[in-house]
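The two complexes that follow have chain A in common; it is paired with chain B in the first and with chain C in the second.
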Partner chain A sequence: MGRKLLLEHINVPGINTFDVYRSKGGYAAVEKALKTLTPDEVVEEVKKSGLRGRGGAGFPTGMKWSFLAKPEGVPRYLVCNADESEPGTFKDRYLMTHIPHLLIEGMIIASFALGAKTSYIYVRGEMMPQIRILEKAIAEARNAGFLGKNILGTGYDLELYVQPGGGAYICGEETALIESLEGKRGNPRIKPPFPAIAGLYGCPTVVNNVESIAATVPIIRDGGDEYAKIGIGRSTGTKLISASGNLNKPGVYEIELGVPVEEFIYSDEYCGGIANGKRLKAVVAGGSSVPILPANLILKTINNESRLMSYESLSDGGFATGSMMGSGGFIAFDEDQCIVRNTWNFARFYHHESCGQCSPCREGTGWMEKVLHRLEHGHGKLSDMDLLVDVSKKIEGNTICPLGDAAAWPVASAIRHFRDEFEWHVTNPTEAVSRNFGLAHYADPLSKPEEVA
Partner chain B sequence: MVKVTIDGISIDVEPGTSILNAARQIGGDIVPPAMCYYSKLEGSGGKCRTCLVKVSKGSEKDPRPMPKLVASCRTTVMDGMEVQNITSPEVVEARKGVVEMLLINHPLDCPVCDQAGECHLQDLGFEHGAAKTRYEFDRRTFERIDIGDKIQLHMNRCILCYRCVFTADQITNQRVHGVLNRGDHAEISTYIHKAVDNDFSGNVIDVCPVGALTDKTFRFKNRVWFTKPVEAHRNCDHEKCNGKVTLWYKGEDVLRVTARKDQYGEVEEFICNTCRFDKKKTSDWVIEGPRKVSNQSVISSNHYDTLHPLPVVKTNPVLQEANKEQFERETRL
Partner chain C sequence: MLRVENVNHAPVEFSAALLNKFADLVSRYPEGRQKSALLPVLHETQAELGWLSVPAMDKVAAYLKIEPIEVYEVASFYTMYFLRPQGKYMLEVCRTGPCCLVGAEKIMDHIEQKLGVKEGDVTADGLFSWRGVECLAACGFGPVLQIGPEYTFYENLTTELVDKLISDLKAKANN
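And then the complex of A and B:
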């Protein structure tokens, strides 16, 4: 049984209330941080812990905090990115629904570390119940003296606000989030300047994912070194994984980083295998933006080593044979799922969510969606695959924000690994609309990679 | 001063200059095209991605190359930076891709578009575009709408450069139009079809790189390359306008009045609507002289040069000898 840090008390009745949370050792980390540590020591602890951003990019949180500019007389802001809208990811919603005080506690610690007097939690507009829950939790914490003026008599003031967003995926990008928070149209800004220099209202700002902020609580409570012992290599600590798709037990799991993917899918402690006794065909390991992998490549790397749930192991093999940790949206597909349809569905999502600011993404996502729609409905051509790969290359890396990359990767990887299935859709158009391609060879053991002379 | 090298040509520029502006100081073929950047408008640029360049050396202190292509209009130069524009196949390929993206939903109605001949997208498509499109679907269409009595919006042609939005924000007192919706159904619009009506609104026509915003007083009157540009000025009583314009003549009639544009198609000084729309008689203006037009522009081809030697020259050796220099220049092109 893996160690649980975030979801340790998730099954305690009433853990969403202040009193129960406090009785289970909650807010001890705030007391420790505010009373015994200086802000710089808190940042140092987080650096020592090796915590990496849980929102998708995996940038070390402590480093991000230390980059924050600290000019005199200018306020600094902490913004929590709770605009979780990646298809396949629902861990932040789960955390905010069931254990909101963990996030509040993390926000107080992180704000203290950064010297922010005002902090915002930007919640996606569709999560209205979670907004209510957070507001209630903030009111409880304020009554108990953990928010407001002079917290715990230490002289530190903090105001925490919940801001509902309008429900656009693009507002999960940090600069678009800041624009939206300022009340403007949620278009990503052109970087540089980075938010650490000029973010919210032109002031230095740190934007962190819900889970990253929540993870600072066990880090401060137990110490950064203790946290760094969990996990493997540079992937330290625990991570929430939102498992969905054709699994026996889909849901949110807290894993120690470094659990083998095979164990995560098949052991009873986690997902309990593929539903209805079917076989695994493909996995999207970290939310819809990351490359999709066939069953044989997700369980074993190309070098025939066991693939682990960690930042390094999942990206082993680069884009050719690897994927990414992403935000932890683990989607499993069984043998009856159609990869073409799924790719079209992802492309449709990115087409709908592109902000329309820069041309490659605005026009390219729509183009890819139309070509994939044609393929899925049996009107495709064999040249369409090359066209899709070419269009995805034209988008990737040429856009202002990572949404362009996120739209290009799933399409490019699906064609890379499942080209047979795409071709079958072209060569057997009538069959393709009535039945699925099936498992084919996607779960077969990998052949040994050929030596390149 | 910092030193930057673009395609092997070095120049010293002020710190804080963008790569694009440094390239413009060098001039010539190495200047990246810019569809959305406008030096007179603060905050513009970075959106169209046609000005992408490769930074092969970040700076003297940190010589690592930048991992991705960068938008040259919004990236500031560092000391010792080395930039590749037309010398990098990667950049040329990416630019070709961007032009293709810009054109897939463009109606390509150049034969009936008033902007043809001075359209940046046309130039860009001519230089970097493919002869055939790979896009086999219906193009996005909008109804065209009149925003105010002098300006027509043709959203089909728009490339969403945001220039007109910045213009309205920064040049006029009040912005009543903006971008609605998102993604490829985003559109420039006045909310609930409100008219754009203020003294400087006509400038959105000049900043528009394509034919999306056109002058209704000039609409379908003539092709720009049949008109003759003449510089002129008048004493404008508007306090923010100094009345320096270009008049576009056809015969004795002034068909159109625009602000004066530099070689990158950017206006030198914004003009008021009275000058632009209401003063269309020669007697309103003090003529300064003919406007210089680049000899690469289609506008110059009709009036200042003939593209080929006249038939009479072709057959007469004496005339051929006399026109030798001109003949060589033309055949080289």
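And then the complex of A and C:
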């Protein structure tokens, strides 16, 4: 059994209330931080832990914190990114629903480390039930003296507010989130300046994912070195994986980074194998924007090594034969699923969610959706695959924010690995609307890579 | 003026309770940054009025001391704000990839048949609207559906569960 740092007490009845959370050792990390550590020492512990941003980018959290500008007399802000909208990712909703005080405790620790006196949790607007849960948890923490003026008699003041979004995927991008928090459309800003210099209201701001902030609780409680002992290489600690699709036991799992992908899919401790006795066809390992991989490449790397659930192993092979950890949205496709239909679905999503600010993304996502729609519905041409790759290349890297890349990668990778399935849709248009291509050779063992002389 | 046609843009009044909520929301931001309250203020306004008419948005603009265009551009950008009247209950089904792997499209077909209206339309009794929405972040428990205005959430949907939800809401509305 892997160690659980975030979800250890998830099944304790009443863990969503302050009293039960406190009785399980909750808020001890806040006491330790505020009473025995300086803000810089808290940052130092997070650096030592090797924690990498859990929202998708994987940037070291401690380093991000140390970039925060600290000019005299200017307020600094911490904003928690709870705008969880990446298809395949649902860990933050789960955490906020079941153990909201873990996020509140992390917010207090992180705000103290950064010197923020007012912090916001930006929750996507659709999560109204979670907003109500968090507001109740904040009121409980305030009544117990963990929020407000002079917390625990240490002289540290903190106000914490929940801000609802309006329903826009783009607001998960940190500068779009800041714009939205200022009451504007969620159009990402050009960087630099980075939020660490000029963020919310032009003040130095840190934006962190829910899970990153929650992870600071065990880091401060046990020490950064202790946290860094878990995991593998530069992938330290535990990670919440959102498992969905055709699995026997979909859900949120906390894994020690470095668990083999095969074990994660097939062992009873995690997903328990593919549902209905089917076979695995493909996996999107880190949320819809990362490259999709066929079964053979997700289980083994091109060098025939077992692929692990870690930042490095999932990206082994680059985009040619690898993928990314992303936000940990693990979507499994069984042999009955149609890759073309799914790629069209994702393309429609990105077209719908493009903010429209940059032409390559605004126009390109629309064209990709249209071309994929005709492929799926039996009106495609053999030249469409090259056309899609061409459009995706013209979006990638040519936009202000990463939504363009996120829209381009799933399309380009689906054609890279499943080209024969796309071609079959063109050559067998009537058959393609009545049945699916099936598993084909996508789960076949890999051929040995050629030795490089 | 924002072009939203064929709908009633009669003047509106905000209740005292709604204005109290506005005041609480505005107090969360630094002096002079009251525009930050715009998104939550629009949510509260829509919860009270059912949708955001141009006069309602103009009133919000006046309250927050911003230009009306600053409200229109936000209300038309975010998908949760309704610029035309909707059914009393809005059924929103997730239509993104992971939910489609486990049958979301069948659920949407079923709702369309059951309510007898197309996506985005309102039933004759004014009670229901439905639409497909993008990922609701519950992919492991799909298909999923949320029902406004409270955004109550239902997971692992079946057609039987959908039938029950609809008949329960009808009974609730008739009481």
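Of note:
Keep in mind that, in the parts below, the second predicted complex is superposed on the first by the 450 of 453 C-alpha atoms of A that agree within 3 Å, B and C clash if a C-alpha of one lies under 4 Å from a C-alpha of the other, contacts with A are read in each partner's own complex, and residues count from 1 in each chain.
In the analysis below, a contact is a pair of C-beta atoms (placed from the backbone, for glycine too) under 8 Å apart; a residue touches a chain by one contact, two chains touch by 3 or more.
As the structure is a prediction and not an experimental result, all values here were calculated from the model.
Contacts of A:Glu353 after superposition on the shared chain: both chain B and chain C are touched.
Legend: residue contacts after superposition of the two complexes on their common chain; A:Ser111 is shown touching neither chain B nor chain C. Once chain A of one complex is fitted onto chain A of the other, the partner contacts of A:Ser119 are absent, as it touches neither chain B nor chain C. Once the two complexes are overlaid on the shared chain, A:Glu363 sits against chain B while remaining clear of chain C.
Within the superposed three-chain model, A:Ile400 lies in touch with chain B and out of touch with chain C [touch as defined at top].
Within the superposed three-chain model, A:Tyr161 lies in touch with chain C and out of touch with chain B [touch as defined at top].
When the two structures are aligned on the shared chain, A:Ala243 is found in touch with chain C, with no touch to chain B. Measured by the number of chain A residues touched, the leading partner among chain B and chain C is C.
With both structures placed on the common chain, the touch criterion links A:Arg185 to chain B and to chain C.
Once both structures are placed on chain A, chain A residues 168, 185, 352-353, 355 are touched by chain B and, in the other complex, by chain C.
Chain B makes touch with chain A in their complex at residues 45-50, 52, 68-69, 71, 74, 94, 97-98, 100-102, 104-105, 134-135, 137, 159-160, 162, 178-179, 181-186.
Residues 75, 84-90, 92-93, 118, 124-129, 159, 161, 163-169, 180-186, 201, 242-246, 250-252, 288, 329, 331, 333, 337, 341-342, 345-346, 349, 352-353, 355 of chain A touch chain C in their complex.
The part of chain A that touches chain B in the complex is made up of residues 168, 170, 185, 190, 351-360, 362-367, 370, 387, 393-394, 397-400. Looking at the complex, you find that chain C touches chain A at residues 28, 30, 33, 35-40, 42-43, 64, 66, 70, 73-74, 77-81, 92, 95-98, 100-102, 133-142, 146, 150-153.
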